[in-house]
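Paired with subunit B in one complex and with subunit C in the other, subunit A is shared by the two complexes that follow.
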Partner chain A sequence: MALSGTSRVRRQLPTSPWLFAAPGLLVISAFVLYPFVSTVVNSFTDRRTLIPGRFVGLANFRELLHDDMFWTGLRNSTLYVLGVVPLLVVLPLLLALLVQKNIPGIAFFRSAFYTPVVASIVVVGLIWVWLLDERGLVNSLLETVGVGRVGFLSDQWLLLLSAMAVTVWKGLGYYMIIYLAALGNVPRELHEAAAVDGAGAVRRFLTVTVPAVRSTMVLVGALSSVAAFKVFSEVYLLAGPSGGPAGEDTTLVMLVQRTGTGLSGRVGYASALSVVVFVVTVALMLLVLRADRKEDA
Partner chain B sequence: MSVLEKTRAPEQPPRAAREPRITDEHGRRVRVWELALRYVLLLAVLALTIGPFLWQLSTSLKGPTEDIYSSPPTFLPGDPTLHNYARVADTIPVWDYALNSLKVATANVVTNCVGAALAGYALARLRYRGRRAATLAFILAMLVPVEGIIIAQFTTMRDLGLNNTLIGVVLPGCIGAMNVLLMRNAFLNLPYEIEEAAFVDGANVWQRFLRIALPSVKGTLAVVAIFAFMGAWDDFLWPLIVLSDPSKFTLTIGLNYLHGTFANDERLVAAGTIIAVAPLIALFACLQRYFFRGVGEGAVKG
Partner chain C sequence: MRISRRAFAAAAVAVLLPLSACGSGGEQGGSGDASGKVEGDITFQTWNLRANFKPYFEGLIAEFEKKYPGTDVKWVDQPAEGYADKISADAAGGTLPDVVNVSPDLVAPLAKAGLALDLDKAAPQYRKEYLPGAWDGHRIPGMTGTYAFPWYLNTGPLFYNKTLFRQAGLDPEKPPRTYGELFSAALQLAEKSDGKVATLANVPTIEDFGRYGVPLMNKEGTAFTFDDAKGVELLTEYKKLYDAKALDPQALTATPESSGKKFLTGAVAMNPGSALDLGNFKKQAPSLYKNIGITDQITSTGHVNMYVMGVMVNSQSKRKPAAVAFAHFVTDAAHQMSFAKKVAIFPSTAGSLDDPYFTKEDGTDETRVRVAAAKSLKTAVNYTPVLFSEQMKIALRNEVAKALQGKQSPKEALDNAVKECDRLLKQQG
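Showing the complex of A and B:
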């Protein structure tokens, strides 16, 4: 009797729901929301890892404008978006169409195409470092067919292109699964009607499939452009910690990591760089979503 | 086009009777030439996606006397040996690193499952002032790009005295905002009537949570668990920043170190990468449908 009495009281205690939410709220407050605010605040200071730092106004941002490395990083991260996103919007869709039909063995193919997603980016990066090595498999094959060897990992631009290829290779399977779900919702009547009207495969793809999965394409565009702008690991692994020849392959996030960590890290300046990462990320999202709305009108 | 189809139509039924009927997702028959073309393309993509893994495996099994740079390349090791795997263990404490990765990944699974289930239930089912604010906090946290706050996370860890510890590796992602929102949606999709009935019968909030709600969202919980494991096992940027003492390295950081120090020893690096990737490929092979389901649910939220 006393037991049921206390349980009824406890049920009415207002603290109980907060008890459920507390661990989660505590973690995101301490390790996501607070660091976010502190990044913005630090960007106006000259804080270093071991030195508390003073308010310096916009000095960090003014320094950014004259920092060649910043412009290199911004250029490379932007090029990354331009290079990777179109491929990641289109190729996985084609791949999804390829694995859509339930022909024998298709489950195996779907899983196999997803395997690069499961592997760590470090594993993937090191696999491709070896594949694209001066004496690696790709160059052996190129030499065998008479093209000759290519210095994929020694030229500034080839390095960046190689890293983009790795990003696309690793992302294909992920976006393929997203498209596969969307394709399942395309009404079959549309395809049949188009086929009756004499539309070939390419025409049906452009007039039926693409409009039907357009919102998914926008989603993939948004997800992949944000991810591409924040690229770190692929370039770090292929070009090395210093970012390739003369650091010319450094991306913005690599610059954040290089500037802000370690015992002599310039936390304030790295925070200003991070703020740029935030702003561009949000801008990219808005841009993609606005492009979507324009097509609607 | 349509004429061709008509003339071919009569001979289709007998063939269909002999062979297993191959149909598309709408139950229509797939033509033979189209089928052949599909398999050719599928095999080509297969070579591109799985080939690099197999090449790495092959390199790792080639002995010190075998030429790994030959042109044309030799795909199969002439005399397969596990020698390189033993050498990895002699060069870096790879099994300690694997254990560190396992610790980090397991802790990440436990904290994410427990924390996300509790918070998700609070957001979906419990009534209290500030619930909307709490939901908003998780949504905002989900939108913050991790790469933009790593420096502040690093200084926070320093302030807490947790940099260069495995706890420091786990903490920032130990209850992911997206996982909380995934669990919230899963709970919201449950019919409320059962819990209401239990409430009327006098079940308290813990009983309703543990006995009624939680068993009904096991699928989503499995997705959270798998992605928490994979995320922690594969993570690179954050452990790279927070760990500086080689004895605390996780497998990915250890591999990066191996590559940085012994870049010219391709057999050694290949063996290291296979050690790092094999457990996840095995996990994926066993639990594929949760991996695929996670992509769908994550994409809808993301």
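Showing the complex of A and C:
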């Protein structure tokens, strides 16, 4: 009986893993791989929403180079990464250190910091628009203290900074949870030994905590840089569909949406933009990974 | 915790690939023959109408199915947000409903792709039932034929806040009637309020250029022309308003919704609207409603702007006779009239606007607005060219914004906008 049971298991081995994986593979093939391949193929055509395209070679990519809006989008997406990522690497770590301690009522603060993560981005965006409006709460407070009204939603740069603030505020809780998990693995003895050697709180943070969670910081840096480069919702909600004053706050993904959708959408050109976004984002990930490996060496 | 290159690669693929969802194309063609027996199942798609008018449309469909036994109409309603995207996805996927609620700018690309039925060929017998201007509202420059039944029309007055007018030393009973008066009143309002009250909340759109008397396109419909001297004049005036804060500083990123809210909160003194808005004012801003002023749209042409809604028949429909019959049923004089009595819209059928409902006032603001709008509709124009796509609207808006910010002159801005719109027009084919 035992022998026949073993042989049955052996016979099933080559196919059964594939059967287990099949549902997942089907979903990924249909909703990830096929759209990706289709986008790459479309990027070499002049396809439009309702009109099948012809092969145009690299024409879409050549056009990108002469499209002012592409460079505006690339600039804004890059600035977004530079502005948001350092804050999202450092601030959630500090927040995690604050809420790590087991003191009464700390669960409330952990939940409070995490709430923006689960809130709908549209609702969050609208609330921030109300707050930052010329007649909103923030401007009323600034006017009360004598600063005067600030055009958060009408100035190109302030608008981009405001969108970055929303992204950071919304992302804090998510990355805080990742750091909390990492901090749980830092041996308490290391802190105690450092304290015995006379290290203060700041020194212990720099010499014990940071090295212990460095890989997590790299992970957070990679995840947040990808998310920041692909930013859409925050800027769209604050700056409007036209991408802020004169479209100067348009990001690359907003440009993809604007160019490729609608009945007159240029699917081929939008696909070329998507391919560029993909390539740049992969490059960003590799850059972060390379930096991590160099640190290890 | 070290993170391997492989783990990073997996994460990258999972995070990045979904970026790549773009639409696909459809096919041209479609028979124009709509003769035959009215029978079979058809689908009818409306544009954000279920929430408020469900009983009306259910009654309409039941009436049609009773008149034509053997027909079955499935009604689907799509939200206002992303309506064009929904239609383009359906059109590209070959699942466009048989009868679709559209506006002229949505019909144009569908007609060019061969997906809209030419009613001049398929249903010419109905043409005389509609106002000539409305029937022509769904013609596409460069193509012959009409591609949707005219449905309801809308236009509206210009609302103004009498309190703000009074505070600025303006006579609230004498609102501006010409562009010159409007610009001068706006500058006075801004000056007296120390820049806190703007008069207008939106940058000029293609419709504004049209109402100002700027020629928008050439006769052949092959090129835009709104960069002429008259267009430059209008943009120059707007630049003066923007500098004086008579045009709201947030106008560069404003939407019709945000402008409406600014008017409700008293941040802006004037706002275009329709009879529908009176109900909103009453409910959301009772103090504003008590001080609301109503005046005519300002034009240099003598023709106010109107919005046209249509009902298109899918040329690929397998039940064309039923689809044409239903589209006509929805838009015939009797049903347009009964729909108009449920909501502040105006029928596009010949003679309907002469009904006492649209000609006699009962002393209320609602009827005053309705009667005035119905009167102006007889000579109204849909200024927005049917070929003016969303991308073109954004191109114009961005160039106008650059001019208002002083980054380029009004002439340069309009030249650039025309150049970009012409480029997009050529790409549309």
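Note that in this section the second predicted complex is superposed on the first by the 273 of 297 C-alpha atoms of A that agree within 3 Å, B and C clash if a C-alpha of one lies under 4 Å from a C-alpha of the other, contacts with A are read in each partner's own complex, and residues count from 1 in each chain.
Here, contacts are C-beta pairs under 8 Å (C-beta built on N, C-alpha and C of every residue); 3 or more make two chains touch, one makes a residue touch a chain.
In this text, all values refer to a predicted model and were calculated from it rather than measured experimentally.
After alignment on the shared subunit A, the placement of subunit B and subunit C results in a clash.
Of the two partner chains, both subunit B and subunit C are touched by A:T39.
Counting residues of subunit A touched by each partner, subunit B versus subunit C, the larger count belongs to B. Contacts of A:S271 after superposition on the shared chain: both subunit B and subunit C are touched.
In the superposed model, A:P245 makes contact with subunit C only, not with subunit B.
When the two complexes are overlaid on their common chain A, residue A:T115 makes contact with subunit B while staying clear of subunit C. Looking at the shared chain after the overlay, A:S29 reaches subunit B, while subunit C stays out of its contact range.
Contacts of A:D133 after superposition on the shared chain: both subunit B and subunit C are touched. When the shared chain is aligned, subunit B comes close enough to touch A:T144, but subunit C does not. By the document's definition of touching, of the two partners only subunit C reaches A:S215; subunit B does not. Of the two partner chains placed by the overlay, subunit B and subunit C both lie in contact with A:V253. The single stretch of subunit C with clashing C-alpha atoms against subunit B, selected from 58-66, 76-84, 148-156 or 418-426, is 76-84. Judged by the document's definition of touching, subunit A residues 31-33, 35-36, 38-39, 42, 47, 49, 133, 135, 219, 223, 226, 230, 241, 253, 256, 260-261, 265, 267, 270-271, 274-275, 277-278, 281 lie at the interface with subunit B and also at the interface with subunit C. Considering their complex, residues 4, 7-8, 10-11, 14, 16-18, 20-21, 23-25, 27-36, 38-39, 42, 47, 49, 95, 98-104, 106, 109-116, 118-123, 126-131, 133, 135-137, 139-141, 143-144, 169, 172-174, 177-178, 181, 184, 188, 196, 198, 200, 219, 223, 226, 230, 232-233, 237, 241, 253, 256-257, 260-261, 265, 267, 270-271, 274-275, 277-278, 281 of subunit A touch subunit B. For subunit B in complex with subunit A, the residues that touch the partner chain are 1-2, 20, 22-26, 30, 35, 38-39, 41-42, 45-46, 48-50, 52-53, 55-56, 59, 69-73, 114-116, 118-119, 121-123, 126-129, 131, 134, 137-138, 140-141, 144-145, 147-156, 158, 171-175, 177, 180, 202, 204-205, 209, 230, 233-237, 240-241, 251-252, 255-256, 259-260, 266, 269-270, 272-273, 276-277, 280-281, 283-285, 288, 291-292, 295-296, 299, 302. Taken in their complex, subunit C has these residues touching subunit A: 1-3, 5, 8, 11-28, 84-85, 87-88, 91-92, 106, 108-110, 112-113, 115, 248-250, 252-255, 258, 265, 267, 389-391, 394, 397-399, 401-402, 405, 407, 424, 427-429. Residue ranges of subunit A in contact with subunit C, taken from their complex: 31-33, 35-36, 38-40, 42, 47-53, 133-135, 151, 153-154, 159, 182, 185, 215-216, 218-219, 222-223, 226-227, 230, 239-247, 253, 256, 258-267, 270-271, 274-275, 277-278, 281-282, 285-286, 289, 292, 296.
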